[in-house]
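Sharing a structure with you now.
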Amino acid sequence: MFSNFDFDVIQRALPYLWQGMMTTLWLTLLAMVGGIVLGTLLALMRLSSIKAISVPAGLYVNLLRATPLILVIFWFYFLVPIAVKHISGDSYAQGIGPFYSALIAFTLFEAAYYCEIIRAGIQSVPAGQVNAGYALGLSYPQATRLVVLPQAFRNMVPILLTQGIILFQDTSLVYVVGLTDFMGAASKVAQRDGRLVEMYLFAAVIYFILCFLASYTVKRLQLRITPPR
Amino acid sequence: MDFGFLTQPAFSGGGTYLDWVVSGVKWTLLVSLCAWVIAFTLGSVLGVMRTTKLAWLNGPATIYVELFRNVPLLVQMFIWYFVVPEIVPKALGGWMKQGMPMPEFWSAVLALGFYTASRVAEQVRSGIQSIPTGQTHAALATGLTMPQVYRHLLLPMGYRIVIPPLTSEFLTIFKNSSVALTIGVLELTAQARTISEYTFRTFEIFTLATVVYVLITMAVVVVMQLLERRVRVPGYIGTGK
Amino acid sequence: MAMIEFKNVSKWYGSFQVLKDCTTQVEKGEVIVVCGPSGSGKSTLIKCVNGLEPFQGGSLIVNDQSVGDKATNLPQLRAKIGMVFQNFELFPHMNVTANLNLAQVKVLGRSVEEATVKSQALLKRVGLTDHAQKFPGQLSGGQQQRVAIARALAMDPIAMLFDEPTSALDPEMINEVLDVMVELAQEGMTMMCVTHEMGFARKVAHRVIFMDRGEIVEDATKDEFFGTPRSERAQQFLSKILHH
C-alpha cells in the first residue's frame, strides 16, 4: 500500500518544515514561560483570603477552562488588533500579526491550566511550613517566596513539563488562523503538492517521536524527584 | 451588544443565524457524545488490559496509549479524514470517499473517540491501580477468579475512584470537538466563525458561543455530581480526590 | 499426611531472598502461631499457603494439592482456606451481608437466600447481627475484622490463615477479635496465625514458629518456646515484646 509513496516530497520540504518547527518550538516555549508566570499569579490570587481578589481569578480560570482552545484562538485573533488600535490610538494600525496574537491566546489560555496545577502544588505544602516561616518572623510575601513556592515547584516540575508537552501538541491548532507552524507547513506542502498521505503521516511520526521522548524524560525525572517507595 | 442579527435571515440556507447556532450546538453534542461512547468503551478495555500482568494484553494496550496520546488531535483528525481512505484497500477507500454518508462527521467521531480513549485508559488504569493490593488478595483468598475480582471489586471501585478525572475528560471531549471544524464539520465554533464572517458581529457571536460552552460544562458537572452522589460508598473516603 | 506441608520453600524478590528453605507442617486441628520481627518473611510464608505469593523453590502441599503446581486449581483451593488480613480488606462498596455473600454465591454456587441465612448465623456468632446492612466504612476496626472473620468462615473452610489480624487495631478493640479467634481454636479449627499476641499463643497455640530474615529459626511446642527458646534471636525477640 506504500508502493506509490513519494518520500522525496518530504525531503524537498525539509527546510520549510524546519522553519515551521522553529515557530512551533518558540510558541511552545514562550507560552509556557508566560503561562507559568501568569499561572502562579492567578494561583496566589485564587488562594487569597480576600474575596475581591480570589473571585475574579476563579472566574477567569473557570471561564477559560470551559472554552475550547480554538475558540480562544479565534477570540484573540479578533480582539488583539482591536486592542492594538485602541492602545496605539492609530485606527490604521496593522495589528501585530498572527504569531503574537496566537502567543497571547496560548499564554492566557495555558495560564488557566497552569494556575490549577500550581494551586494544587501550593496546597500540597503543609500549613506547618508557612507557620514555621511566620514563627521565624517572615512576612507573607517572604514566606511565600522563600518557603512555599520553592517546595511547591519542586513537586510540580513533572506536571508542569507534562502540561508543556500538551501545549506543544496544542500549538498545532494555530493552523486555524493560517500561521505556519510545523503542522501548518506540513499541511501547506501537502496541499500544494497533492501529497496529503506522506506529509500528514510524516507530521504524525515527528510529533510522536518528540512527544514520546519528552514524556519519557519527564517520567525519568519524576522518578528522580520522588524515589519509588 | 446587539443580538438582533440572530433572527435575521441567514446568508444562505433559508433559516436565520439563530438556526445556524442551533445546528452548530447539535453537531457539537453529536460529535462529542458519539466519540465519548468509543472513548469510554475502548478506554475502559485498554485501561483494564494495562492493569494485567499478561504481556499479550498489557503490551498492545501500552503501545496504543503511547501512540494515540503523543500525536496531536489535529494531526489525527487529518489522518482519519485524508489519509485513512488512501491507505485502506481500494474498495473500502473508494466507498469512504464516495459512498459513505457524512464522511467529515464520522472521521471526526473516530479521531476524537480513539484519541480520548487513550486518555480514558490512563485514568481507568490509575483508578484500578490505586486500589490496595490487599483488596485483590482478599478477594482471591475467598476463591474468586481474577475475572470475577475485576467484575465484583476492581471495576466497581475503580470507576467510583475515577469519576472526577473522567468528568474532566468528558468535559474535554466537548471542547476538543471544535477541532472537527478543521475537516469541515459545522459544529458550534465553526458556525460562530462563519456567522462572524457574514455579519461582522464577531463580539456578539463569539460571546454567545462561549456562553453555550460554559453552559455545557455546567450541565456536565451537575450530572456527574449527581452520579457521584448516587454511587457514593457510605463511610468510604476515596483514594482519588 | 499433614494438612499443610512446607518443604524447603524458598522465594526471591529479584536477588533478595525473602524465604530460605522453610520446612514445617500443620496437622489437622493444630493451631500454629508464627512470630518474628518485621520483615522476617512471616506474612509472605502464610500467603504462600493459598498461593497469594508465588515461590520459586521447594514444595508446598495443602490438602493433598501442590500449591506451586501450575495444574492446581487455585481458586478451588483458596475457597477451602479462609484468610483474615491485617487491614481487614472488606469490600468498601458492598454492605456487610453482601461482603459475606459474594464468594458463597459466586464461588460455591449457593443461592442468595441460602448464603444470607449462613451469613446471618455467622454475624450472630461474631456479635454483629445489628450491622448486617451497614457498609464497612461505617464500622469500627474491631467490628470490621470480626466481619472479615465471618466472611472467611462463611465458606466452611478446612483451615484458617490469620495475617497479623490485630496489628491495625486500636488497643481497646484487640480483645473482641482475639476472643473470636480463641473460640475458633477451641472448636478445633486448623489455624495458622501470624501475630505478636503472645497471650493468644500461650492460651491456644500448639506450636510456635519463630522467623528471622526469611528463615524458620525456631519451630517448637508452645511450652518449649516460652520455656527455653534455643536460639538467641528468639530470646531477644521475646524479651523485646514481653518486657515493655
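Chains: A, B and C, in written order; residue numbering restarts at 1 for each.
Following the convention adopted for this analysis, contacts are C-beta pairs under 8 Å (C-beta built on N, C-alpha and C of every residue); 3 or more make two chains touch, one makes a residue touch a chain.
Quantities reported herein were computed from a predicted structural model and do not represent experimental measurements.
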item	value
Chain-level touch network, classified as line, ring, star, complete or other	line
Label of the chain whose CA centroid is most distant from the centroid of chain B	C
Chain A and chain C, separation of their C-alpha mean positions in angstrom	54
Intercentroid distance (Cα basis), chain B paired with chain A, Å	21
Between chain B and chain C, centroid-to-centroid distance (C-alpha), Å	46
Two or more partner chains touched - positions in chain C	none
Chain A: positions in contact with at least two other chains	none
Touching residues on chain C, where the partner in the complex is chain B	47, 50, 52, 74-83, 85-87, 89-93, 102-103, 106-108, 134-139, 148, 151-152, 155, 161
For the chain B and chain C complex, residues of the former touching the latter	132, 134-135, 137-145, 148, 152-153, 156-157, 160, 233-237
Chain B-touching residues of chain A, taken from the complex the two chains share	1-2, 63, 65-71, 74-75, 78, 169-170, 172-173, 175-176, 183, 187, 190, 196-197, 200-201, 203-204, 207-208, 211-212, 215
Chain A partner contacts - residues on chain B that touch it in the complex	66-67, 69-76, 78-79, 82-83, 86-87, 171, 174-179, 181-182, 189, 192-193, 196, 202-203, 206, 209-210, 213-214, 216-218
